[in-house]
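In what follows, chain A forms one complex with chain B and a second complex with chain C.
Here is the complex of A and B:
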């Protein structure tokens, strides 16, 4: 028995040693200019503390953003600074042997949604979200990504979408949705075009939509129909999400994003329209060109930007009286703070609802709902995730709104859970759904034009 | 021929500049990913924002919520820059003008008080203490000492050898410990501004201007 235990101890020790060596190697490989600048700049002022929704909910030191990133910075100081090599305790430099992989994994995967609110509030100007992803990259190379998140990435890489929806399943769902659409708009010509070569817009989905929220697909299809848009969906490469962005696996992220880029080029679309999903937008709009090392010949746009264009150009008309209950807007971090899409959603909502109420703070200063960072796929952190959503729940409650418009499916899932936990009594909707309900369809538009002409006559 | 203390301080300054330049070159040589995504905003606008509007106390929630700490930090840094200016001036100045004595002393005293307040906050606030290492306390104390000898020198109307000796320690330590943020913070701020400016998140004239791009 004793021998077996000893052998187990030795194996564990050897594994830990190998992990340490790997961590060091990875760290050395990972040092980019941006990383070196950031880890040299934190002054430990602590002003970032209450910008973090985790810290606000738990009020514990370990949730201070600077504390979280200090695990990575302390490694850097230990091996890459003169004082850190000689008198480590003086500058808080820690070697890999002092690093607990479990602790680091919890800190960067389970206790941070990479929302970047601390980055906007940092007195120096450090993008702490970037540092967290760098730490995630190291852990990804050490195979330390939490199981739920890793399996979501694996599914996307092996099956083409993160819910392993087969092509037949998707086609079946879309055919059914097309029939629904035709009934709704009372027009047999209304279509959900599949794999159409030469369409102007290639629309992408979050696999949650065909699986759990098909109404949001009908909503967008209805808007495209009303705007008379030339659009299509790919039956094989439709998944806009990229959980490898969250897991820190750039190779997988490249594969996932690369498929959509190739599909857009194959179909010859001029616009790759990203569904209402914050991290999908960020991944495709901002990160994919860097992952793939090329500039795209097409535009990557959020579906919100297209809808706003349709309204501005008069291609769709909305009846805001349909939505008379107060509606508030949640700003998804990756769409707004890291994506720069800030005003179009407000423009749309002011046209689509009659009582739009802003949350405070909003735009790039918004609170994260807690559902980002891949946290929805990591069940081991679910309890903490819901606690961390308290700041958002209170924000919503203060608006008195009955409907929360959230242009992100991850956020919607989290908001639905927050709704239950904090008894908010709200309904969450995508902006597409709100717009679709308020649409004045072309036929009604014709009818109303005839009516007004006859009145004038 | 310069007195020994002055010569030593200039030597330390030279070391400091060379060490910082070396670090800067090292960082410049690290791999850097060029951003290939089509910009929405302007990177330079973000940088201008980072060094202007972003510094205003009401521009960030963190500075609004912690206004006293933020302003104390600003005053502490400004008076450190003033002490550095005095250091350079000391090589040319035969006697200290009365106006400089008055306003300089005021500035240095404000800096001393603010720095001391921040040091106390670091010692007595648990969450801040958890973030701090000996380097954090020492760096603050060293700058305090530099401010103190600068003030004494101003009051005396001459710059005694210990002013230069403290300057020697200050310049020697600057590239080694936390104080090197003097260089990297500027760089980090520029990177921050450029990153969010390019994405149209930070804009001098508000996000509406960048949305259409």
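Here is the complex of A and C:
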């Protein structure tokens, strides 16, 4: 990024011209029906304005989703409609020459988290998040993806995970966690099985867990242990994330998702279980079959769906009195609004904590934390990202809860930052961590939870 | 690019306060970064973490796994999170003068 800025005016002008030409070429390619409907259907009713967390925080017209859509639509209309090609001004169609690449990049990468809240508030049902990703695809082809996001994608493609963790480092970390787990449950048989062929469940991670925040891995391992699950982690294909979904690079997205699919098939697992990560769930559950053009012979499930099953089937028992302080729940956009995983987390929390309070609005109407869309990896938009988290911060404050359950590692990082900026005084936890602390382990095994519960009782 | 004023010089940082050039780092600068992080005083334990991360980065060009950090400093994981409330990446790595790590942090 820095290098580009050092170049001279002339070079930059030439580059801009070249980019315009390339953008035109991309735009001339066949436009899909879904996109054609999208760019022609906005009736400018304005219902979407209040739905956007950027608009709520900044109150400026350029953050109204319809306005954003209009600018992008004008670009598509200019080259894809009969009138647009002949009398552009008649249909309000703008050419790329009128819209700088920088402006476009900021608009689609920095000023929208693709949370989709505008889509459910749209009177004609337009998925503006989809339009934004189509625009990101064009910019990805033009090499305009912001540096931090691009380098996260590159690391995943070249090293197999987005933090360049080596196999040796992962194994070392999982062995260390296994020892911690064995101490915690006082049972040497508690394991974190690696590369086990024929295991029922292949569990996947967000690389930030082994790298910096491994408590969530111990928590899930403890739950699997209590449920007596037959599970495993792959030491080479463990990364559930897919930042190429955010960068708009379908080729890389296909490569990244394809590896996990192949690994699940190779190990013969029946369930590919996704860690608490919104976009990873969405990518693997809903996008990957399209990217790869095939149906999977296994199921893709959020770890939350498995935990809820264990509770329902009586495979794990929980003592909710461990968590007596109010706990609220954040709904990650890609898991809930786009992913459809909506009720299991509520079912789990009602069993695991004794005072669960909803924030409002919730479920598919919940506000984005502000950190979605790959924004955490793009430092250049950090200030706006934290401002845009205002709606979420206020939502949390109104609940009075000091613990926020957030089933998405990305959201947790943003919530930690919102906690500082807005002085919320909260603690954010994964649902796995909350459940693990409330576990009542089978009586044949010693368990600290039972001990502390009996002390209370 | 944004910058920090430090001892009369301009030190380039990114929009989140991570140093752009790790060689700009010094102990005095770390103290200034700590203030921005809301850490009033860097204790001996803070320094133990910072120095280990810094040395590891100079040797390997990447931040260490948190397992190594715990092993080499002898600190339990939860204590590391108490020392650096923004976490090992946004907290400790930033103070050790590393560029922002890639990924979901």
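To be clear about the criterion, the second predicted complex is superposed on the first by the 424 of 457 C-alpha atoms of A that agree within 3 Å, B and C clash if a C-alpha of one lies under 4 Å from a C-alpha of the other, contacts with A are read in each partner's own complex, and residues count from 1 in each chain.
Rule of thumb we're sticking to: a contact is a pair of C-beta atoms (placed from the backbone, for glycine too) under 8 Å apart; a residue touches a chain by one contact, two chains touch by 3 or more.
None of these values were measured; they are calculated from a predicted model.
Asks: Kindly classify A:169 by the partners it touches after superposition: chain B alone (first), chain C alone (second), both, or neither?
Replies: Once the two structures are laid over each other on A, A:169 reaches chain C alone.
Asks: In the overlaid three-chain picture, which partner chain does A:322 touch, first (chain B) or second (chain C), both, or neither?
Replies: A:322: touches no partner chain.
Asks: Quick one: is A:440 in contact with chain B, with chain C, with both, or with neither? Answer first, second, both or neither.
Replies: A:440 sits against neither chain B nor chain C.
Asks: Name the contact category of A:215: first (chain B only), second (chain C only), both, or neither.
Replies: second
Asks: Among the partners chain B and chain C, which is in contact with a greater number of residues of chain A?
Replies: B
Asks: Can A:41 be said to touch chain B (first), chain C (second), both, or neither?
Replies: So A:41 only meets chain B here.
Asks: Which partner does A:338 reach: the first (chain B), the second (chain C), both, or neither?
Replies: first
Asks: Where does A:56 make contact in the superposed view: on chain B (first), on chain C (second), on both, or on neither?
Replies: A:56 contacts neither chain B nor chain C.
Asks: Could you look at A:420 and tell me whether it touches chain B, chain C, both or neither (first, second, both, neither)?
Replies: second
Asks: Could you tell me which stretches of chain A are touched by chain B in one complex and by chain C in the other?
Replies: Touching chain B and chain C on chain A: no residues.
Asks: In the complex formed with chain A, which residues of chain B make contact?
Replies: 23, 26-28, 30-38, 40-41, 50, 54, 60-63, 65-66, 69-70, 73, 125-128, 130-136, 138, 176-178, 180-181, 184-185, 187-189, 191-193, 195-196, 199-202, 207-208, 210-211
Asks: For the complex, give me every residue of chain A touching chain B.
Replies: Contact set of chain A toward chain B: 31-38, 40-51, 61, 64, 66-67, 70, 81-83, 89-92, 119-127, 285-290, 293-296, 299, 336-344, 361, 363-365.
Asks: Help me check something: in the complex, which residues belonging to chain A touch chain C?
Replies: Residues 2, 5, 148, 151-152, 155, 162-165, 169, 172-173, 176, 206-208, 210-215, 241, 277, 376-377, 379-383, 409-410, 413, 416-417, 420 of chain A touch chain C in their complex.
Asks: Would you mind writing out the residues of chain C in touch with chain A in their complex?
Replies: Per the stated touch rule, the residues are 1, 14-16, 18, 20, 38, 62-63, 65-67, 71, 77-78, 85-90, 100-105.
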